[in-house]
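Going in written order, the chains are labelled A, B, C and D, and every chain counts its residues from 1.
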Amino acid sequence: MNTFGHLLRVTTFGESHGPAIGCVVDGCPPGIAIAAEDFAADLARRATGRTRHTSARHEADAVEILSGVYEGRTTGTPVALLVRNTDARSRDYDRIAAQFRPGHADYTYWHKYGIRDPRGGGRSSARETTMRVAAAVIAKKWLRDKHGVTVRGHMAQIGDIVPAAHDWSAVESNPFFWPCESQVPALETYMDALRKSGDSVGARVTVVADGVPPGWGEPVYGKLDAELAAAMMSINAVKGVEVGDGFASVAQAGSVHRDEATRAGFLSNHAGGILGGISSGQQVVVSVAFKPTSSLRLPARGMDVDGNEVEIVTTGRHDPCVGIRATPICEAMLALVLMDQALRHRAQCGDVGDVTPLVPPQA
Amino acid sequence: MNTFGHLLRVTTFGESHGPAIGCVVDGCPPGIAIAAEDFAADLARRATGRTRHTSARHEADAVEILSGVYEGRTTGTPVALLVRNTDARSRDYDRIAAQFRPGHADYTYWHKYGIRDPRGGGRSSARETTMRVAAAVIAKKWLRDKHGVTVRGHMAQIGDIVPAAHDWSAVESNPFFWPCESQVPALETYMDALRKSGDSVGARVTVVADGVPPGWGEPVYGKLDAELAAAMMSINAVKGVEVGDGFASVAQAGSVHRDEATRAGFLSNHAGGILGGISSGQQVVVSVAFKPTSSLRLPARGMDVDGNEVEIVTTGRHDPCVGIRATPICEAMLALVLMDQALRHRAQCGDVGDVTPLVPPQA
Amino acid sequence: MNTFGHLLRVTTFGESHGPAIGCVVDGCPPGIAIAAEDFAADLARRATGRTRHTSARHEADAVEILSGVYEGRTTGTPVALLVRNTDARSRDYDRIAAQFRPGHADYTYWHKYGIRDPRGGGRSSARETTMRVAAAVIAKKWLRDKHGVTVRGHMAQIGDIVPAAHDWSAVESNPFFWPCESQVPALETYMDALRKSGDSVGARVTVVADGVPPGWGEPVYGKLDAELAAAMMSINAVKGVEVGDGFASVAQAGSVHRDEATRAGFLSNHAGGILGGISSGQQVVVSVAFKPTSSLRLPARGMDVDGNEVEIVTTGRHDPCVGIRATPICEAMLALVLMDQALRHRAQCGDVGDVTPLVPPQA
Amino acid sequence: MNTFGHLLRVTTFGESHGPAIGCVVDGCPPGIAIAAEDFAADLARRATGRTRHTSARHEADAVEILSGVYEGRTTGTPVALLVRNTDARSRDYDRIAAQFRPGHADYTYWHKYGIRDPRGGGRSSARETTMRVAAAVIAKKWLRDKHGVTVRGHMAQIGDIVPAAHDWSAVESNPFFWPCESQVPALETYMDALRKSGDSVGARVTVVADGVPPGWGEPVYGKLDAELAAAMMSINAVKGVEVGDGFASVAQAGSVHRDEATRAGFLSNHAGGILGGISSGQQVVVSVAFKPTSSLRLPARGMDVDGNEVEIVTTGRHDPCVGIRATPICEAMLALVLMDQALRHRAQCGDVGDVTPLVPPQA
């Protein structure tokens, strides 16, 4: 189950401190222009080591295209991408190889497989998400060029701090993907204090897709929102997913929640752009909850592999808030799900004639 | 995409007002004792027409076993279950056949397929969930008999009302699956007023599984929590899914969230029983947000299939709170996901020796 | 694994002597005109009891459409088809319930599942193929109406008798799907003698598809011919599959086998219309070997479930040559594979511009 | 569709003259001992350039393990294997980049994708099979160590030459995998003459598995023989697949074909070890037809991409009989199918108690 998607299928491999990580993107339409340098921007947005607010590990994240591209264009055969690990420090993990770090997959992998690669979390490390972001570079490009669909995201909460304003133009100019420029200094101070304390905090990320036409998605078990939920929940440290108003819908009246429509457009978007599992032509909106990092230098009570109680201290390089780098990862999963659904829609419903939306895209 | 699961595969079919609904449960282990009457209890828990707080439609929900069972036991071949629709009133829908009800799949199905069955919502009706509950009767039985795993659930919020206490023994003795007996009269009053007003409200349902051993689930894209998120989000009207503390994790400190462990057991369960996508041996906890019903007799602004603005009033039989009947449906999806993962775990890791949990199941 | 196909997915269920057999056809494009009576012709071609040369079992094979069709057209939701079994005589099988008939699945099902439905072979009966033929009625219709692709077949060998001539117009006017009218009386005599002897014989069936455009199929593991091979081999009693010249290619020279091409068309079709797993625009040609029926009234040495050696005599109603009714079944599998591949091709390569074949379809 | 298998899933990537080829083997049970040098023997058996009877291309075929193995054992996470291409001579293909070689996938890829990598056949080259053989090294090891199942094969026909005797010990000591030592000099002479003539010839390969217990396989669409047929037909140049007696069954009487059984074992194995899609405990026997190589220096009539008729001469390095190196490839596909089915069997039927075969494995 290291493969994601139905028609656009992404298979990732690799451990945090192994020789390399990589992916195979199968099912790509032919003719998409792709070069090794196209991956740099999004990988840098996801990377550690760029600011003091993330882990100090500094990976080159150089992508080698091994197959599926000929003279700069995809050929329809599988695109394989490879990234060598260059800054792995496995000795950091010697001490905890026989311990189960609380809140980590150490314990569950050990019980499942009877064996585990303890170096940097092995396969359970967020290092794997590098390849999701790489694969999604292709998906984002196709969505934009073929359908005019754009995918973007921002941080929507850190700890109990929420944005005071929403300004897309601010998002990419601070290390937090924060949509309110004036709060950034306070956030820096907050994160500095947190890092100093040795503790960590959770985060909420919101990603949206604009330009999605009505009709993408499948009823019942292949619902667009169901696949988005799985895609987001498959990201490390995610504990919750919302579409549109999400849990706020619980306390809403139906007369408020149902999005009325006029010739000028929908009057609201409580649904987050999805009805009955199919896109409505409105903005697709997904929010994701990230738990606080579990790897702390603050000691915790835990167990070792021999069943002894031990005090566990984690001294490797870690993010005080994993959610900070999560925006491009959530965008990636959104893009991959949308492209897969777009291909499936074309397969089944390619003959359905008029696709001009009766209600104009988001008012 | 009307099939759910990898090794235990449930395919459902049928429309709300068609002749029948049904499912095929493929991949069942042989030897499970199943009789037609085994389905009655859970189908009744999900059914409408049993109290004044749900839709007045009254279906017999009689299950016919068409295949896969011989002399009272599953044979390993596909189990097909059939339920005839007996109380469909399609004339209720004549007026809205050419209109798109706000908050409904009418508009998105029409754009996707260019054709739709308007009778009772057709395939997008919650009637489909009947067969999920039926299929899960087999899964619940296997989980309990083979692994001692039990699945149960309760309502955790209606509108802005939350339980004042948590008493499992209260849940099955009121029409709301509410875990606090003393609040039930107030809830009845609340629902009566809501019904009279013509409006609707959302709900939150929590389901749990006890006895899940450590090791079920798969890393990366087949994570237990990822599949639970998809399973829950695939239920009609769901807008959010949480595992463990869910969105509350955002504001937590890592030193609080990470569940420390001792020889006596885990000291907390913020994770909801899943780490790295794999069960930890703790109680698996999933919460689900249901939006308020969109079918209201209160008029709304909307469109018809010719692009005209129209006032839309829905007069069929509807639930004022779809979440009320959702508890058995969420339980069903939890049971189906768990059984599928249990079979997959056995396939890959059937040789892994000692499976005695190092940390005892939930303290 | 009772589901076949990737985008057009057919799930079948039902046992030979259970209450019913049925199928769910998922992924159908919307708008295909389908009525219950459309299934009659092909089901009759496959049915037993129509001539003395097949089993005497006489099933009505009346198809009920349970879902997925509204006002005579597919809606894009799953089409469920149901056929009640009306002429099951389970008492015929009482004696052999504890025995393993040689050449049958009795022994392997028993070892696999530890339990089996012995009535008429249960799930392993060719009765299951009824639903393949039914499902393919939809596929044949879509292929013809949308792409001008026609699928047909004929018997190509019975025992050691091969057709003396090839005349498509003869095929449907004799009970053997035999393409040479003048041999039919001799075949009738041959089959009468065979039936009287109590023995059985094998058969070879050839099916072809005309009008398949170049480009259907997928390289490597989803090759058109690989999926055809699986589809044919999944039919009961099949022991071999050939594409184009098949095993005759072994003794051919490359200079003969490779199909040269000119502006007027290909000069030969040794390849059977498939190169590199993808259709070439030539006629797709597949041949299938059916073993002789194993159910004979001639006694055989075998085992019972207690490990005793027993003499086994099978007295139910059986075909002396299962291949006789196999032509519509092979056609069905060819049609289902082609439609599935056509949908997949549209998904991935829907943007590839010019599809006019450089070499005209079969010269 | 570059992924093969259900629970043991092999995804391959790479073109003949691209930088590398590779595969990801997902679903491996944990704990299998694997080292880079384990791949050498089977890769050498498949490689070109070892004798004058195969293509002169000489690849190092050095396997790098990128993931999924820790301290010499599989961890249950995906095993990625990489092989760099070291002897690609793309200039050989400049001339034919705009031509469609007869009998090749050039024409069909071009129509499907509108673009193709012409260097050495790109993805359609048999170079891809290197990674199947590599992946199957793991499967063969697991089958042998865990179940005592062994997989082997031999050439069964070249052109119209068939083995005069069957001696397994001869197979690995000649370049043709030929089971009769005394015929080898004549074969060498035959191949030398063929090579000199510029023509090519087909071949038939037979592979067998010993020790397969009864019960592996799944009824209906996941039949063991159906998956073997797909697996073999997915190999480049394959035109036919037989299980057991295959097409010879057509002319057999049922009283001959059905394999009778006694306490001492089965009296024959016409079925090739599979009944109803499930293994019977007998030797599994599969035969595969390879067409003659289409790449010849003998001129042929063909087309170019502009629709002109051209004379096509292929001057790259090619095998005069692709079947010569096919034995390890067919073994690989047999091993991969068997391991996948073994895992699936354990998933569904892991509780079925007694698995001692009633009939002893092959008499």
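Just so we're on the same page, a contact is a pair of C-beta atoms (placed from the backbone, for glycine too) under 8 Å apart; a residue touches a chain by one contact, two chains touch by 3 or more.
Keep in mind that what you see is a predicted model, and the values were worked out from it rather than measured.
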*Among the remaining chains, which ones contact both chain A and chain D?*
B, C
*With residue numbering as the guide, point to the option in B-D, A-B or A-D that repeats C-D in over half of the contact pairs.*
A-B
*Using CA atom averages as chain centres, what separation in Å is found between chain A and chain C?*
45
_Length of the line joining the C-alpha centres of chain B and chain C, rounded to whole Å_ = 39
*chain A and chain B, separation of their C-alpha mean positions in angstrom*: 26
*Quick one: which residues in chain C touch 2 or more of the other chains?*
1-3, 12, 27, 30-31, 76-77, 109, 112-114, 123, 219, 344, 349, 352
*What does chain A use to touch chain C in their complex?*
7, 27-31, 76-77, 146, 219, 343-344, 346-352
_List the residues on chain A that touch chain B in their complex, please._
1-4, 12, 100, 102-105, 107-109, 111-114, 123-124, 128, 157-160, 199-204, 213-223, 225-234, 236, 238-247, 249-263, 267, 270-272, 274-281, 289-294, 296, 298, 300-303, 305, 307, 309, 323, 344-345, 349, 352-355, 357-359
*Touching chain A in the complex: which residues of chain D?*
1-3, 9, 11-15, 18-22, 24, 26-27, 30-31, 64, 66-68, 70, 73, 75-80, 82, 109, 112-117, 122-123
